[in-house]
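In the two assemblies presented below, chain A is common to both, partnered first by chain B and then by chain C.
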Partner chain A sequence: MTQSKNFRLFVSLLAALAIISTVRLWTSQDALTSSDTIGTALRLTVPILLAGMAGLWAERCGVLNIGIEGMMIFGTWFGAWGAWQFGPWAGLLFAILGGVFGGLVHAVATVRFNIDQVISGVVINLFAFFGVRYLSELVYVGKQGGGISQSPPQKWALPRFNLPILSGGQIAGWKSPDFLGWLELQRWFILGDLGGISRGLTHNLSWATVIAVLVVPASAWVLWRTRFGLRLRSSGESPVAAESLGVKVNHLRYYGLLISGGLAGLAGGTLSIVASSYYRQGQTAGRGFIGLATMIFGNWRPSGILIGAMLFGYAEGIKLVASDSITALFLFIAAISGVFLVVAVIRRKRVQIAVALSAFLLSAIAYRTVDTVPESLTQALPYLVTLIVLATANQRLRPPAMAGVPFRPGEPH
Partner chain B sequence: MQSGSAKSSQTLSAESAHVVELANISKSFPGVIANRDISLQVARATIHAIVGENGAGKSTLMKILYGLHQPDSGTIAINGVITQFKSPSEAIAAGIGMVHQHFMLADNLTVLENIILGYEPTKYGVLSLGDARKRVKELATSIGVDLNLDLPISELGVGQRQRVEILKVLFRGAEILVLDEPTAVLVPQEVDELFTNLRKLVANGTTILFISHKLDEVLSISDQITVIRQGSTVSTVSPKMVDRLKLAELMVGSDLPSHGKRTTLVGEKIQLSTNKLTVLGKDRKNPVENVSFKIFESEIVGIAGVDGNGQFELCEALLGLVDIEGTVEIGGKDASKLSIRERLDQGLAYIPFDRHREGLMLAASLWENSLLGHETSLSRGPMIDFDAAKKSCREIIDRFGVMTPNELVPAFVLSGGNQQKLVVGRNLATAPKVLIAAHPTRGIDVGAQAAVWEEIRRSRDAGMSVLLVSADLEEVLGLSDRILVMFDGEISAELDPKSATPQILGKYMTGTQ
Partner chain C sequence: MNQQLTTQRNFDSMRKSLNTLGSSVSAIILALSICAVLLLVTGKDPFAAYSKILETGLTGEKLLEMLKRATPLIFSAIAVAIGFKMNLFNIGVEGQYLFAALIAAEMATHVSLPRPLHILFILVVAMVSGAAWASIAAFLKIARGVNEVISTIMLNYIALSFIQWLFESFFRDDSDGGLNVKTTKIAPSGRMPDLVHDRLNGMFIVALIVAFLYWIVVFRSRFGFRLRASGLNPIAARTAGIPANRMVLIALMLSGAVAGLIAMPAVIGDVYGYGPSAIATQFGFAGISVALLGRNHPLGIIGAALLFGFLDSTSAVLQLSGIPSSIVKVIQAIIVLVVVIVNEASSRRYNRRTAERAAADLKSQEVPQ
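Right, the complex of A and B next:
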């Protein structure tokens, strides 16, 4: 069973690779799978991924967390402050603590005082936005390069590295060959793309990125393989049942929200420490909400969230690195929607057929007629792609059954 | 994690005659005395039934035994040792397990996860799933249960879910099993299976406390029966010494109203009818498929069926809550296009499936609850007529014998039976032409049940038509003038209650005939 599942996954990945490789060769848009694009995409994926994981931890324990955006804002500000004062690693720690603070506020409000979870989240977003502006006024105004809406630049950056042998990393001072870079330059069908993608994932990596990606398997392991994880999930699925078995639901909801806040804070920290070297107002730019969208897309599962976040990161990455390739991307979308269309017709799902067909036609027409894409459209592209994928990937969504429902222990039910 | 120490102390005191000994337990909640001086002794490896009307205090007593409530006075002795349980986990540690009336399961978690939750075998906090699986399999085999442990609970049927609950309790090493109304949700065949499992359990040395108000079942399964009335123990009897009627009298404390043959005739006029009624299922099978029936004036038509075979959707369709194909006629006029309000004005009334979800505002006062649906008649212009509303509520309380201090208390302080009497009263008070009664006596005691049945019969004799939806076969058989069986969204049989038996009904209800 799992074997055939893995095999299916492998085949569909290979098929997607073949399609995009064909499109690349046909349109000569090498940027579609260049290591540059993929590297940028990975950097853009990380904050969304972490925001999605923050959402996962909160909802799995039974609390909606609309406040992820706000907790990320805490992360950006405190992270930048810590990095400015004590260096980048301390900065990341401060970012996590800032987010944990946000998570604690949310936990006290929703678990202790039973305030409506959505309202609490919205208030945290507003409070974070104006709260850090006030802090900036106190701390940053008057410092060299700082002001009410941004922090002074940090002096140090986090170390980056290349993977030895594959991507030209150094082993004890010896510069190893950059095999994947060489492969990428050959531009062969599929192999060239594989080289570009792998090099993008292994080249000029920040340690923070590695940590962020490790959050995914770590969360999956904790949630599904440990006692703590099972109890935490039961608090989100059926708190009444959990309580009847002696599980302390509200304690677990506290833990879940603190972890959620910490991950959201880390997401903010990667924005102000890794992706740039200073805090700027509005740096999160709604990524907390996009993270929540990837959580839904990912069906409240870590692996699904990873895929959703990568998809979004890729669309945004290509927009930044090579806006020329956007037209080629249209072709790619057309090809993928074509495949979806065939599947939908075979399965006779009317809604899916309609969505896939219109996506196919729109992107095909766009590719044939559009030479230059207006700036505003390229801005919207990642959101558009997310929307299309969300609509076509019809799946049985399984949110935690009791996420969003307050729980008062010991009440008659 | 609770380890071997608790277990070994149990085996040491195994000679003690009574596994559970409750002495002089009293417990009161604000305004209500739930238990008054209750004493109870349960012998090892027996099935001990506790029967009583709803609101008699059975559930409270069991919650005290399970550590969910603490008694105001009195003692609990387990295996001869006096103990106090501050929480369920302490009761679990002492070997007490409870299967709740409403299943305590997480739908999205797997069978295995549900069973081990709260008592997980672990190594450094990491679940030992292989070990857990092996132990659960062994337990399941020992009581004759076959389950796929990796399915999510949402894919199991009611009977299977109950097995999961029992396994869950046994997995914790429970030697005393409390079953709260275990047969309320099962069809006869499933009840037989459950009883087979329970007998195996008792043979293995488990002691079972069986709470029920289905007297036939109690008589057939238990070794001892304790009757509780109005919070106090009435007596403990052996099932060999009593019959059904005697037991019911002990429970209610007075002679039961008899079923009574009907003296009036079914009318000529069709009051409610459907023609090829279909409720469209959006992504699934149509929940109601091609259902046609007629109900005459002064007639009760019972719909028997296992929950989830389209009865709920049928009621929604009759009320106008969902889109339908086909037609619904009320009082001979096409009502398919009418709004809910207009249908109610045509003389339709509805006793909903779930009094908590659809029938009552639990936090609102009784008079506000009895006002629901009658706002137009009990108001002056746009303003509610408080005096008239309260007066009408008092009338309902008197006529239907709702036990309550007054009409101003919130609905949640009443017991289930009294809540249901209020809901029934609200719908019968205005003398509707057609009553849709969905599970009108679910989860209420014999006394309240008899009162509700009597009122429905009286209204029927006065000309009302009734569509009775129920999973309680005794009710369907005893009350209906005609029985329809619903299976998988369709009417699978039409039967005469005089010749039908629970076994025949059960076969149609499960689609085996």
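Right, the complex of A and C next:
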């Protein structure tokens, strides 16, 4: 069963790769899978991914976290401050602590005082936005390059590295060959794309990115393979049953929210330390909410969140690196929905035929008619995709059963 | 006996509102002390800051500014409160009012009507567009079961992009060589008259009227009863034959309609058009704070909006005397957080006391018939 599932996954990935490769060669938009695009996409994926994981930890323990955006803001500010004062690694630590502070406020408000979880989150967002503005006025105003909405630039950057042999990294002073870079330059069908994608993922890589990506398997392991994780999830699925078995639900909700806040803070830290070298007001730009969106999109599972974050990161990356390649993506979507259409026709599923056909026609028409997509509209893409997913697949999504429901231990239920 | 019971009830409800008022006031005092500690820790003198706020805020000029700043907050808070009364979180007020502002400002330039009708037309267009944007979330909730918290957050961002695109591609007035980043200026017949020249316009009166209508509709009408019943106990409401889906649709559209008015003090009273930098954002979120502080009651909302307007009006002067102006916003956020926590705690205590008293009554004597 698992073998055939893995096989199916492999085949569909290969098919997607073949399609995008065909599209690339057809439109000669090499930027679609260039290592530049993929590298940028990876950098943009990381904050969204971490924000999504922050949402996962909170909701799995039973508390909605609308305040991720605010916790990320704390992360950007404290991270930039720590990095400015003590260097980038300390900065990341401060970013996490800033987020943990936000998580603690949320936990005290919702778990200790039982106030509505959405309200607490909204207030934390407001508090963070204006709180760091106040701190900036105190600390950054008057410093070289600083101001009310911006921190002074950091002197040090986090080290970056290339993977040896594959992407031209150094081994003990010897510069190894850049095999993937060479492969990418050949522009071969599928192999060229594979080269570009893997070089993008292994070239000019920040250690912080590696750590951030490792959060996904680590969270999955803790939440689904340890006793602590089982108890934490049971607090989100059925706190009453968990309590009757001796699980301290509220303690676990505290832990969950502190971890959630820390991850959100780290997400903010990667924005102000890795993706840039200073704090700027509005740096998070709604990524906390995109993170929430990926959590829903990913059906409250780490692997799903990873896929969702990569999709949104890729869309953002290609917009940044090669905005004129976006029209080529319409062709890609048209080809993908064409494949789905054929499958649906074979299976004779009427609804699926209708959906795939309309997606195919829409994207084909868009490819033929649209020359440039307005920047303002592409920004809405992640939110639009989330709404469409929610509207079409709501019945198949499975959030933690009791997320959002306050719990008071010891009271009759 | 009946007379006695009514007196008892009146007494009870009075005690409850006194309880509410008391807990709100003590929460505000608590929040101010927390902020004082915050100021002290960051090396500023809290007493100097507070006395500066009072000193500058209580002048006639600043009090007018307070009323002006409170106007959009009243609309926004009522929009949020309509949702709250039915247990619906309309976080999308932000997107609804900005969308309504753009559409109303644009439509206003396409008609020519005599003065009162033109103003009325603009207000109606704003309310209809706000309601239309809110109805997307209502539709998603009714037809597809999508939680309105998530959908309205997403719709906020979609609205921002959509507005930017509409404005840049169609509605922007380029007649003076692209320098003007606004829509075409609204004709004088569509402009709201000022109450006090250049300081306060007639939208403040509209806000008070809307607050009164909110009280009538939500607290005193049969529809309002159904709305609140659906919020308090959806299952009981459904059993009693209140159509749940229709109530969601109407509540969200009403909320969106009121949200549509938020930017109107600026659109028809100040800027006479829409421009991305001319129309202030963030009122949707501020409205959530004001509604929470005012506990969804019209008088509470007006009071909370005045308090927030008062604090906002002093921020510019604070800046001049060496106190970071953003402390005002921090105070507001802390006030809301503390008020929400204190209200929750005090209402629980009130309920427990009531239950204990009832239990004691039962033990000592017969229940009054």
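Just so it is clear, the second predicted complex is superposed on the first by the 376 of 413 C-alpha atoms of A that agree within 3 Å, B and C clash if a C-alpha of one lies under 4 Å from a C-alpha of the other, contacts with A are read in each partner's own complex, and residues count from 1 in each chain.
Quick note on the criterion: contacts are C-beta pairs under 8 Å (C-beta built on N, C-alpha and C of every residue); 3 or more make two chains touch, one makes a residue touch a chain.
In this text the structure is predicted, and so the values were computed from the model without any measurement.
**Student:** So, A:A242: does it touch chain B (first), chain C (second), both, or neither?
**Tutor:** In the superposed model, A:A242 contacts chain B only, not chain C.
**Student:** For A:S28, select first, second, both or neither according to whether it touches chain B, chain C, the two together, or no partner.
**Tutor:** Neither: A:S28 stays clear of chain B and chain C.
**Student:** When the two structures are overlaid on chain A, which partner does A:V122 contact: first (chain B), second (chain C), both, or neither?
**Tutor:** The second partner, chain C, only.
**Student:** Which partner does A:I66 reach: the first (chain B), the second (chain C), both, or neither?
**Tutor:** In the superposition, A:I66 contacts chain C only.
**Student:** In the superposed arrangement, which partner chain does A:S303 touch: chain B (first), chain C (second), both, or neither?
**Tutor:** The answer is neither, since A:S303 touches no partner chain.
**Student:** For A:S12, select first, second, both or neither according to whether it touches chain B, chain C, the two together, or no partner.
**Tutor:** neither
**Student:** Between chain C and chain B, which one touches more residues of chain A when both complexes sit on the common chain A?
**Tutor:** Partner touching more chain A residues in the overlay: C.
**Student:** Now for A:F130: first (chain B), second (chain C), both, or neither, which partner does it touch?
**Tutor:** So A:F130 only meets chain C here.
**Student:** Residue overlap on chain A between the chain B contact set and the chain C contact set?
**Tutor:** Shared contact residues on chain A: none.
**Student:** Please output the residues of chain B touching chain A within their complex, sorted ascending.
**Tutor:** Contacts found on chain B: 68, 87-89, 92, 98, 100, 102-109, 113-114, 116-120, 122, 125-127, 129, 168, 412.
**Student:** Please name which positions on chain A make contact with chain C in the complex.
**Tutor:** That would be residues 64, 66, 105, 109, 113-116, 118-120, 122-123, 125-127, 129-131, 133-135, 137-138, 148, 286, 289, 292-293, 296, 374, 376-377, 379-380, 383-384, 386-387, 390-392, 394-395 of chain A.
**Student:** Can you name the residues of chain A that touch chain B in the complex?
**Tutor:** Interface residues on the chain A side: 225-228, 230-231, 233-234, 237-238, 240-247, 398, 400-401, 410, 412-413.
**Student:** Using the touch definition from the top, list the residues of chain C that touch chain A in their complex.
**Tutor:** 42-43, 89, 91, 140, 144-146, 149-151, 153-155, 157-158, 160-162, 164-165, 168-169, 285-286, 288-289, 292, 324-327, 329-330, 332-334, 336-337, 340-341, 344-345
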